[in-house]
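Two complexes are shown next, each including subunit A; its partner changes from subunit B in the first to subunit C in the second.
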Partner chain A sequence: MNTVLSRANSLFAFSLSVMAALTFGCFVTTAFKDRRVSVDIHVSKVMLKNVDDFTGPRERSDLGFITFDISADLEPIFDWNVKQLFLYLSAEYATKSNSLNQVVLWDRIILRGENTKLNLRDMKSKYFFFDDGNGLRANKNITLTLSWNVIPNAGILPLVAGSGHVSLPFPEQYEATKSY
Partner chain B sequence: MLSVFKSIPTHMDYKGQKLAEQIFQGIILISAVIGFVYGLIIQQFGWTVYIVLAGFAVSCLLTLPPWPMYRRNPLPWQPVAPEASGEPTQKPQESIKRKKHK
Partner chain C sequence: MLSLDFLDDVRRMNKRQLYYQVLNFGMIVSSALMIWKGLMVVTGSESPIVVVLSGSMEPAFHRGDLLFLTNRVEDPIRVGEIVVFRIEGREIPIVHRVLKIHEKQNGDIKFLTKGDNNAVDDRGLYKQGQHWLEKKDVVGRARGFVPYIGIITILMNDYPKFKYAVLFMLGLFVLVHRE
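Here is the complex of A and B:
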């Protein structure tokens, strides 16, 4: 501690250790918080097509088009340890060939400071709703769920499903629009 | 260019070094506690970091330069021996004194 550099080294290392302890404290204050919020999803229109699929092993696959509304208030999730939320809407269903299919239809990133009240109307899906085969036609039960991944400043990244989902049957024929 | 910086005296005596270490540790710890509580209240971790950085800046100002309060207990060296006769007898005394202060 006899020279400036030696004192500066000691001071800087101490500050970094204290900063690490504060970050751990930040993590501890929010580690056991429940990150679920109620979500309201409504589907207004569903259309089904059977198109050429160049990504799979067969000639034609089912392609679904969904128009949906989402409303949710994500305000309670944000605290001093949340940097952003990664939301995604996924469809889950069973077919004759696969017992569980999960397809992500739409996603969005919400940063802290942005508007946290979601009130989306007549949204189209961002990604193609392709089925692995032809199992979407006349499917009785397709469940849409909004889930999110919480990205913190310090700690674990929990994957949380919103407590509100909607199940709907798909049309019996191709190129026929079904409205709800 | 570097020799200019090396010629500036930056030493402190031992009690001064201990005082400097206590001062900066105290300032950083107090700013950490204040920053943590303030960040927890307004729910923004950025403010915690800003307050700790402010504490770091204040500590730098107070402890990095060799202020006079860190030089109040200088080591009592032997007086400088005259060149001609007293040298051989003074040297072993000086080395014994230096070992004691370590």
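Here is the complex of A and C:
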């Protein structure tokens, strides 16, 4: 331990081992935590159109419009190993041509330190709700769920669904108006 | 000094010890290969550990972060999952999130992806005329994450001289060191 090089070497090796132990500690202490929270979703308006799918394959497809409210308190999920939460509201339904469809309507990133109480009213969807075909019309059961992807400082990346989802039917008729 | 010490070591070694060192080196290389292939089998993915190369998933993942992937057939692809995929004809893997899925009764699935930090979905990245991704394009689903460690891989790719220097020093060290 009498040259600068060997001292620097041991210092470097030691700090590397300490950081590795800390990272492993972060992972192990939060690996099995339950990250579920109850969520309240309410839908105020549903509308249906049938237009050419301009976001992709240019076939006439059903386009849905949903206006919704979300309330949730995400405070209990955050701890020393949560860097951010990626929230997403997804609609799940079945149609004649596809037995399972899932579409993300809206998403948001919440970083640690930001406001964790959600109280959103009259939100419009961020992404166009196109079906792969014409399966939304008169569809009795579209289920909306708010889920989140927990991004840790180091460790497992779980996808957790909030308890509290809402099911709604789509109308039988298309809207004839030109406005979106 | 350093150079005189190691020259002494080499002079002291006879043929047998030299062969032993080379065998030792071979053992290390094959154990590393075994662990890597074993990981590939357990996770079902052809590349169970990837380094994030772009900033399209910030602030979740930054360039240089390490991701652990699985690609088991029993795990269905669902929205919100982070998938690593390759576009046909290109070799760079992309790490993005699943935005939309349409699955048929028999399990055939087509899905759309988008990077968290991108304003639009990935249709602009796919091949000309391709609107959806399929299971065969997927390298794996991201299940675990460790920050920063992959920076070494990025440095080695961006500065190949650095990579050769590191490999040369490592090889020399293992061959010459007695323990």
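Note that the second predicted complex is superposed on the first by the 169 of 180 C-alpha atoms of A that agree within 3 Å, B and C clash if a C-alpha of one lies under 4 Å from a C-alpha of the other, contacts with A are read in each partner's own complex, and residues count from 1 in each chain.
Everything that follows uses one rule, which is that a contact is a pair of C-beta atoms (placed from the backbone, for glycine too) under 8 Å apart; a residue touches a chain by one contact, two chains touch by 3 or more.
All values derive from a computational prediction rather than experimental measurement.
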Simultaneous placement of subunit C and subunit B on subunit A, clash or fit: fit
Partner chain(s) touched by A:102 [first = subunit B, second = subunit C, both, neither]: second
Partner chain in contact with A:14 - subunit B first, subunit C second, else both or neither: first
Partner chain(s) touched by A:4 [first = subunit B, second = subunit C, both, neither]: first
Contacts of A:57 with subunit B and subunit C, given as first, second, both or neither: second
Touched partner set for A:29, first subunit B, second subunit C, both or neither: first
First (subunit B), second (subunit C), both or neither touched by A:81: first
Touching partner for A:153 - first (subunit B), second (subunit C), both, neither: both
Subunit C versus subunit B, contacts on subunit A by residue: C
Shortest CA-CA distance in Å separating subunit B from subunit C in the superposed model: 13
Subunit A residues contacted in one complex by subunit B, in the other by subunit C: 153
Touching residues (chain side subunit C, partner subunit A) in the complex: 59-61, 78-82, 97, 99-105, 110, 112, 116, 121, 123, 131-132, 142-147
Of all residues in subunit A, those that touch subunit C in their complex: 23, 55-57, 83-84, 86, 88, 90, 97-104, 109, 111, 127, 132, 147, 149, 151-157, 159
Complex interface listing, subunit A residues touching subunit B: 1-4, 7-8, 10-12, 14-15, 18-19, 21-22, 25-26, 29, 79-81, 153
Contacting residues of subunit B [partner subunit A, same complex]: 10-12, 17, 20-21, 24-25, 28-29, 32, 35-36, 39-40, 42-45, 48-49, 52, 55-56, 59-60, 63-66
